[in-house]
Structures are given as structure tokens and as C-alpha cells.
Amino acid sequence: MKLSIYLAGQIHDDWREQLKQKASEHQLDIEFTGPQENHDLSDDIGENILGKQPNQLYRDDQGASINNFRTSIMMNQADAVIALFGETYKQWNTAMDAGIALGLNKPLILVRPESLIHPLKELSNNATVTVENIDQAIEVLTYIYK
Amino acid sequence: MKLSIYLAGQIHDDWREQLKQKASEHQLDIEFTGPQENHDLSDDIGENILGKQPNQLYRDDQGASINNFRTSIMMNQADAVIALFGETYKQWNTAMDAGIALGLNKPLILVRPESLIHPLKELSNNATVTVENIDQAIEVLTYIYK
Amino acid sequence: MKLSIYLAGQIHDDWREQLKQKASEHQLDIEFTGPQENHDLSDDIGENILGKQPNQLYRDDQGASINNFRTSIMMNQADAVIALFGETYKQWNTAMDAGIALGLNKPLILVRPESLIHPLKELSNNATVTVENIDQAIEVLTYIYK
Amino acid sequence: MKLSIYLAGQIHDDWREQLKQKASEHQLDIEFTGPQENHDLSDDIGENILGKQPNQLYRDDQGASINNFRTSIMMNQADAVIALFGETYKQWNTAMDAGIALGLNKPLILVRPESLIHPLKELSNNATVTVENIDQAIEVLTYIYK
Amino acid sequence: MKLSIYLAGQIHDDWREQLKQKASEHQLDIEFTGPQENHDLSDDIGENILGKQPNQLYRDDQGASINNFRTSIMMNQADAVIALFGETYKQWNTAMDAGIALGLNKPLILVRPESLIHPLKELSNNATVTVENIDQAIEVLTYIYK
Amino acid sequence: MKLSIYLAGQIHDDWREQLKQKASEHQLDIEFTGPQENHDLSDDIGENILGKQPNQLYRDDQGASINNFRTSIMMNQADAVIALFGETYKQWNTAMDAGIALGLNKPLILVRPESLIHPLKELSNNATVTVENIDQAIEVLTYIYK
Amino acid sequence: MKLSIYLAGQIHDDWREQLKQKASEHQLDIEFTGPQENHDLSDDIGENILGKQPNQLYRDDQGASINNFRTSIMMNQADAVIALFGETYKQWNTAMDAGIALGLNKPLILVRPESLIHPLKELSNNATVTVENIDQAIEVLTYIYK
Amino acid sequence: MKLSIYLAGQIHDDWREQLKQKASEHQLDIEFTGPQENHDLSDDIGENILGKQPNQLYRDDQGASINNFRTSIMMNQADAVIALFGETYKQWNTAMDAGIALGLNKPLILVRPESLIHPLKELSNNATVTVENIDQAIEVLTYIYK
């Protein structure tokens, strides 16, 4: 069984690389996709392609349109979504992507630290599985193939 | 044309009452729904119904299950969703509800202050309309009936 | 907000009447539907309409086709489903109806006694809310309107 | 034509191995999936991954969340579902999975002994095909390729 | 529970009037819809509205487009479909309408005489219920409200 | 049978008023919706609500977002869509709205003059019915109720 | 572009072989599926697998259930459906399969002789393309790859 | 990640070849599909296959039916759609195809020159991304794989 899984969450550290590395060690037949992890590129992509915009609002909006096109294609192809939350950052894209996955009825793993139990309680309850770290997420993925 | 609109967002002030009041002044034929606005009740509802839980995690999870049941029924009936963000609070439920609305292909109005343009840029771009305050949201609703 | 809720579960006592009575006391604007509660009629309906069948298999199959037609119409109209399990009876129809509700993405309340936690654990986890008795189910329904 | 078929049913004997063996003998191009057949692993998986839970309810609920994630991915990929019932066990998961298949509009084969005709009559009537044993189920699968 | 039911089938006798009359006698809260029963009008409607067509093919195609618009609106609103077959006429529209109902996952009652068991066996098996006459169909509808 | 029909097309003359007047004369139980017919208001609505934009592109984009919100709500409620084309204007919104109706599987009437047969041939063939003027469209609507 | 096309229609001559042969000559990358063409096997399959049935009705119903399982899997995988009608046979399965294709929103080619224009006018108008013979159907398929 | 993208737009120059060439230079794993680019063939295909039609209306309608069959198969397989507008031609097919993509919820890139900002403002706002030329469209596609 070949799977595609979208990795929603912050792009400020290498958690996706760690997760892919572990999945590779377990020889899981999974293609991982996710948002643009080059933060500057993600912010600049609108003006990179469409040229200088008149203000910050439209600079952001144009970049977002291209990020959304990319995510939308990946999310549609995904068999499941993993959404990771940490203690830093607003992470509204992560929550939005998790919500889109719920609206599209895709199985969802939430990864969040114990400290975020209360503010993420409705999202956790809507998710199919909630774990606290990516090692546990990998164990869940490994269990699919057992 | 009779509409039902779900009002996603924080429950710490009376913005929904203000919005309903204005809608009523414009005689808009809209039924507004939204999350439980009594914060204590929203937090306690799990233990209120199911009794004392063994720890905070499960106290929160049980409350969330009942809040999710309530929201899910309302969201399914909604013709559109309004999601309001402010500068305080994590507001992950708001982002999740907006995401669910997108996944279900419901028209979405995002209300957010200018200061949140950057962190909400993908959500704003995915929304059907973005405005900065509830007066503008009411103007959009009024325009449906013009 | 007017709702329609399908009541899946055994038809050997008056739990639906109790639940409707309580809903009425709370003045909930809910139309309840459910399977044929006259057990003999439910078993006989195939032969009542189509005449004597050649054996028990086809007597049962014809009755089932008419019960399924009835349930299917009600389930399609339902905004939510309540599935009640007790310690007696096989209750495979209850589990099937709960599964259909899940497949159709309808919000689902599971009602089951503490003694059935283990055999119903996957169904409970898939349900939106799990409670132990119909008083608690009524409290959940009442909470929608609070 | 390559197919994927989910095998719902009890996990206390080797019926899936028998069925796969027969399918292999007929050289059917079918990938079979199904629930975790290691019963202890299926029961323990929640605490294995998430650690000791405060009581049996939550031990079961956590295990169920991971089983449901696994099943949900497999069911979404399935072209058809086979649900097998025997005379032992409660088999509510089997009935729920069959219901989910019906809700998702997937073709369904019910396998059940003659003794269960009456209690499974609505499920049998909703299924696409009903047979009494896995040899007959294999004959149905073989017929697809004839 | 208010229902809408589409009555597919031939338009050469008054079977729909009989059925509506019986439904009225049982005080069933059902709105019945169906194809244009004025045969000449049904055949002429294309040229009536669009003028003389160059040949029979296009005369028929234009009439059919208007009949299909009418049916499509009615079928989308229907909670269930009844398809009646008799021993005369080709009745391909009836079979097509029944197929559309199946594709849209609407509950379907097939009414057909005993003489047509063999040629309608796949349609009968796909239908939710099969009966032999409209009295039996009315009994099925009455059973919904019992 | 009460219907809602969305009237896509140019907003430079009173064709919708004529059509509604004729529908009223035939006492058709239809609620008609459509785009904002006050052209200046339609163009200005973005800046009216959101204030002066930095250039024409964003003035237009903001106005469009509010027009799209309005249309999306109306289209979702519509049982059918009428799309009218004339010899003047680009009418790309009309073609887009007709395409959205096709993608959502809504019955569609195309109204276009004989002179536009060739450029609208694929749209005409995809539509459920094609007529040449609103009198003919009214005859089609009247036929639903005959 | 690799396609799967379901060939609905009578099974009394070798039209499918002719069509496949021509498709092969044009090197079209299409997998064709269709109903069981061994007529006796198609009629006997129920009793072959499930044993002697009490009467003709149930012999037919059991055979039909297995034919429907087979067709349902093939139809779900199909990118398009071809439905062929001739002057002989009732061909209600063909009309039903065409209807299912319409309900599932699959592109549909109708093949019918000129003599059947009138009785198939609604089906023809609902189909995406209507042709008179399998040579023309092959030309339509070839055009996809041009 | 292998993608299929439908290229809607005029067929009077070689913009698709240019775009495919650039995609090939960037080694993007994308299969591009699109309408028949041989204009004469596209216009003649109806009469080529079905013979001389009685007038221009039906000559066009038959050709359109075959073009629509082709497009419908391609659009259903597409992960995304690119719709290109220029200053010449009516381009109603382009707008219709873009609308179908929106109705089917497929990610959409609009390519249009600055001069068409105003008449395409609603389509642009509904599209996921809007760019001004095919070089920019290629940059968006390239970004998916970064």
C-alpha cells in the first residue's frame, strides 16, 4: 500500500526531515508532501513571480495565492494529513490545514506537546489520532503496515 | 432568501451580539449560530454531563467532543461562515473552523485587523472575502440582499 | 434551528419514548425518527406486503428491504444520529446504522453502558460524542440550543 | 484490473490467510487489507505509543484511535469490502465497518452462516452480495475477472 | 416528515393518479412529481417552444432536452423514486431514471409484474424494494409513517 | 414545488425584470436570484466597504471578492441556472457562472441569439436546454409545472 | 492518458470484441470492461455459487446480486461508459447502466440505430455523445488522443 | 508527485507548445491535456463522424458533443487547470472550462494580460492564482516541486 501524507505545521526547524528520515528507516512506502520550507522563498514567491506589489497586504496576498495553489494540489492527493503544533508561532496555517483535512474527510494525526492540551482540545478531539511527538507519529504510521 | 451563518471566533467579548444587532437593524433574514459563548460552560460541559474525568487531558477531550457535536450540526446547516480573529488569544478553533468551511466549500468571510495581515495571509487568500471589522462584515451581508 | 435526529438501537423497550418525552420537556425543536418499533410488524412487513415467501431467508430478506427503504429515507434527512447499545441483543443493525452515519459524515452520539466500553471502543472513538445513558444524550442535545 | 479489498471481521482465526491463499491460487490481482490481526497488539497499541492511560476507558479509546486511523486509510483506498460474521463474538466493528462501506457507497460482500440470517437481515439486504463462507466469496471475486 | 417522490414510468394510463389518490386516502405527507403525462405535449414540446426542426432526430432531441430539464429538477428534489414497469412499451426512460436514482444514491422502489422478473433482475436487485403493483408500493410508503 | 433559479448574464438592461414579470404572470412559484444589477455599485462595492485601494487591479479584485461571495451563496441555493448571452459585452462572468453550474451539476438553460451559435456551441451542448430568448425560457419554466 | 471504459449493452453477439479489436488497431491506451458475456454463466452464477434456489425469482435475484457486484466495481473505476442499443432485446440493463453513469456524472457515449431515435430520445439527449455504430464510437475514442 | 493539468484557452497559436517546452526544460513531471488544437478538425469532427447535418446549428452541436466528451474525460483526470485569456477572440469556452474547474473544486491558474483586469475580475478572484503570462505560470508550476 503506497501512501501520500501531507505534513502541515511550522517551517522553522527540520522536523519534516527528521520524520522522513525515520519513515525511511522503517521502509514505509510513503511520499511526504508539505508547505514550502524555505521561509524567505515562501514569503517572497508572490513578488518573485508577479513583481513588486503596492503594499505589504498585496505582497502577502499574492505570495499566499501561490502557496495555496501548491498546498491545494498536495492536499487533494494526500491519503492522510499530519498537523504538528509547537509552543512558538501563531500556527494558524497549521490549524487551517487541519480544518481543511477535516472538511475533506481525510484521516488526521495531530502532534502537539502536553502544554497545548487545552487550547487544542477541539482540534485534538476532531483529529483521528493525537500524539505528542514525531516519534509517536512514526509509530502510528508504522502500525498501518504491521 | 433566508440564510444561516456560523460565526467562528473567540468568545471573550460580545462581538456576536453586536453583529446580530446590526443585522437586525438592517432586517437581514439571517439565522446566526456559533460556538458556546459561556466560556465556563464550554470548558465544563464534558464533566457536567459525563462526571469527573481522571485528568485535565480527558476533562478537555470530553468537553471538546460535545462542543464539536454542536458545531458540526451548525456548520452543516450554514450557508456561509464568518471567522473573526483579534490580536489576543491563540484562536486555533477559529482557524480550524475556517479550514473546515473551506474543506466543505462554504463561502467564508474573514474578519481580521490590519496587524494580522502577515500571519493570516494564506487563510485570507483562501477566504471568499476579507474585511477588518464587523461593520464591514455587515456591509457584505447587506449587499447580498441589495 | 430545527433538527431531525435518527434514533438507532434496539426496539424492545420504550427508550425512544423516554427520550422524546425529555426532549419535549426541554422544548427542543427536534423531529425524532427511528426504525419500526413494533417488532412483529417489522418482522412481518415483507410477507404482509409481498405475500408468503418460500423460506425464512427470503421472508427475512423481503422484510429487510422495506425496513431499509424506510431507514434510508430517514437517515438521509437526519442532521445527526443517536445509536444506543445495551447489554442484551446482537444489535448489529445499531452498529450498521452508526457506520452508515459515519460513512455519510453525520454527527453521531453513541449511548452505551460502562460494561460495553471494550467491545465498542472503535465505534466510540469514531462517534462524535459517547455517553452512558439517555439523560446524558438529552443534555448534549439541550446544549446545542444553549 | 487491479483491486483493493478491505476484509472486515473478527481477528481470532486465520480466515483472512485462507482467503488470501485461495485468491492467490486463482491468481486474482487483488491487494487485501484489514484490521490488525495481532489481538494483543490491537488492544495495546494505544498505551504502546502514548504510554499508560489513567483507566480502561482511555486505554481503549487511545488504542481505538490508532486502529481507526489505520482502517480509515485502508477503507478509503478499497474498491470493495468483505464483511465476515460468525456465531461467536459481538462483531460490532464488523457491522460498523460494513455500515461505513455502505455510507461510502462501496460494493459489499457479506459472509455469514445460515444461523445468522435473521439478526443480519437488514445488513444482508443492504449488502451487494451475501454468501455463507469464504469459498463462495472467492467464487464471487473470481467472477469479476471472468 | 414531508417527502418528495418522483414517479418514473410509462405515461399511457392513469397509474400515477391512482397512486396519488391512494396516498391521499392514507393522508401521507408526500409531494409526487413525474414526467409530463400529456404524451403529445411531451413529444411536441421541443417544436412548440423552439419552432419546426429540420428532421425527426432534432425534433426529438429538442423535446427531450426540455423533458430532461424538468426531470432533472424533480429528481434532485426527490427523497425517493418509484419506477414502474409493465408488459408493454420499451420503457427505456423508466430504466434510465431508475439508474440515475441509483447513481445519485436515492432510495428506489421498483414496481414490476411477475412476468418481468427475469429481464429486470439486475434492476430489481439494485432497487431498495421490489413490489408487483401500486397497492403494494402504497403499503411501503404507508409503512414509513407507521 | 418551490424553486430557486439563478439568472446569470449581463446587467445592462432589464431582462431579469421582464423575465420575473412573465414568471409572475404565469404564477410560477420561483424565487429568482442574480448578480448585482446596479453596475456602479457592483464596481464600487470593494472600495465602498474596504476603502480606497492602491490601484485598479486591487480595486477590482476587492469588488470581485464581494460579488463572488454573493453569487456563491445564491448559486449554492439554486435548483437551476439560466445563463443569457447577447451580442454585446464580453460576458465572461456569464460563461464562468454557467461553467460553475455545470461543475456543480445544476440544470442549466442557455439563452443566446442565433448569431452566437458557433462561439457558444460547446456551452450550448453542455447546457440542459438552449433557447433563443426569454419568452422561450419562460415557456420551459412553465412546462415544469404542467 | 490511460483510460478505463465500461461497455454496457446486450451480450448476444461479439460487438465488444469488434470494438476492442478496432481500439487495438488504433493503439488506444484503454482498458475495456463490461458485463459477463457468457449468457448462461451470467444467468447461472447465483445458483452456481449459492446453490439451488426455491424459485425463479430468487434464482434470478441471487445471480443479479453477483452481476451487480461485478458491474459496480467496474463502473466505479471507469472514466467513461459506452451504452449500445440494438433493435432486439429489452435492454433494460443497458438503460439502467447508462442512467447510473449519468447519476455518477461519467461521460457517456450512446450507440443506437436510427430506428431507435424516438424511444431513446431522452437518453440520447442526456448522453454526452450519440452515434449510430461502433465504428463511430471508435472514432470518438480516437479523437481523445488526437 | 506526478500531475495532470488541463490547459483551457484559445487554439489559434502555439502557447501550449511553448508552455510544454518550458515545463520540459524544468523537468516537471506533468502530463498536459487540452482541447483539440487543430481548429478545422475541432469544427468538422461532428460531421466527420456523424455525416452531413441539416444546418449549421446541428453541425456545430454535434461537433461540440464530441469536443465536450474529450474535455470532460481530461478535466476529470486533471489535478489542476490553467485558463489563458488574450485580447482577441470571445473565449467563452475558456471561461466555461474555468467555471467547470471551480465547480469541481480543482485548483485554477488564470493567465490574462493587464488589459483584461476589469472584465475578468470575478474570474480572477475565484481563481487560485492569477498571472499575466505563461512564463509566470511555469514559475508557479515549478514552485510546486521546490
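In this document, chain identifiers A, B, C, D, E, F, G and H correspond to the written order of the chains, with residue numbering beginning at 1 in each.
Everything below uses one rule, namely that contacts are C-beta pairs under 8 Å (C-beta built on N, C-alpha and C of every residue); 3 or more make two chains touch, one makes a residue touch a chain.
The chain lineup, named per UniProt: A, B, C, D, E, F, G, H = YtoQ family protein.
Here the structure is a predicted model, which means the values were calculated and not measured.
Trainee: Counting C-beta pairs in contact, does A-B beat A-F or the other way around?
Mentor: A-B
Trainee: Roughly how far is subunit E from subunit H, centre to centre by C-alpha average, rounded to an integer in Å?
Mentor: The computed centroid separation for subunit E versus subunit H comes out at 39 Å.
Trainee: How many angstrom lie between the centres of subunit C and subunit H, each centre taken as the mean Cα position?
Mentor: 49
Trainee: Where the centres are mean C-alpha positions, what is the separation of subunit D from subunit E, in Å?
Mentor: 38
Trainee: Using Cα averages as centroids, what's the distance between subunit F and subunit H in whole Å?
Mentor: Whole-Å distance between the two chain centres: 23.
Trainee: Using the touch definition from the top, which residues of subunit G touch two or more other chains?
Mentor: Where subunit G meets two or more other chains at a single residue, that happens at 65, 68, 105.
Trainee: For this entry, which pairs of chains touch?
Mentor: A-B, A-D, A-F, A-H, B-C, B-D, B-F, C-D, C-E, C-G, D-G, E-F, E-G, E-H, F-H, G-H
Trainee: Sort out for me which residues of subunit H touch subunit F in the complex.
Mentor: Spelled out, the residues of subunit H in touch with subunit F are 56-57, 60-61, 63-65, 67-68, 71, 85, 90-105, 114, 117-126.
Trainee: Residue numbers of subunit B touching subunit D in their complex, please.
Mentor: Result: residues 54-55, 58 of subunit B touch subunit D.
Trainee: Subunit H touches which residues of subunit A in the complex?
Mentor: 4, 31, 33, 36, 38, 41, 45, 48-50, 65-66, 68-70, 72-74, 76-77
Trainee: Once bound in the complex, which stretches of subunit H touch subunit A?
Mentor: Listed in rising order, the residues are 1, 3, 79-80, 107, 109, 128-132, 136, 139-140, 143-144, 146.
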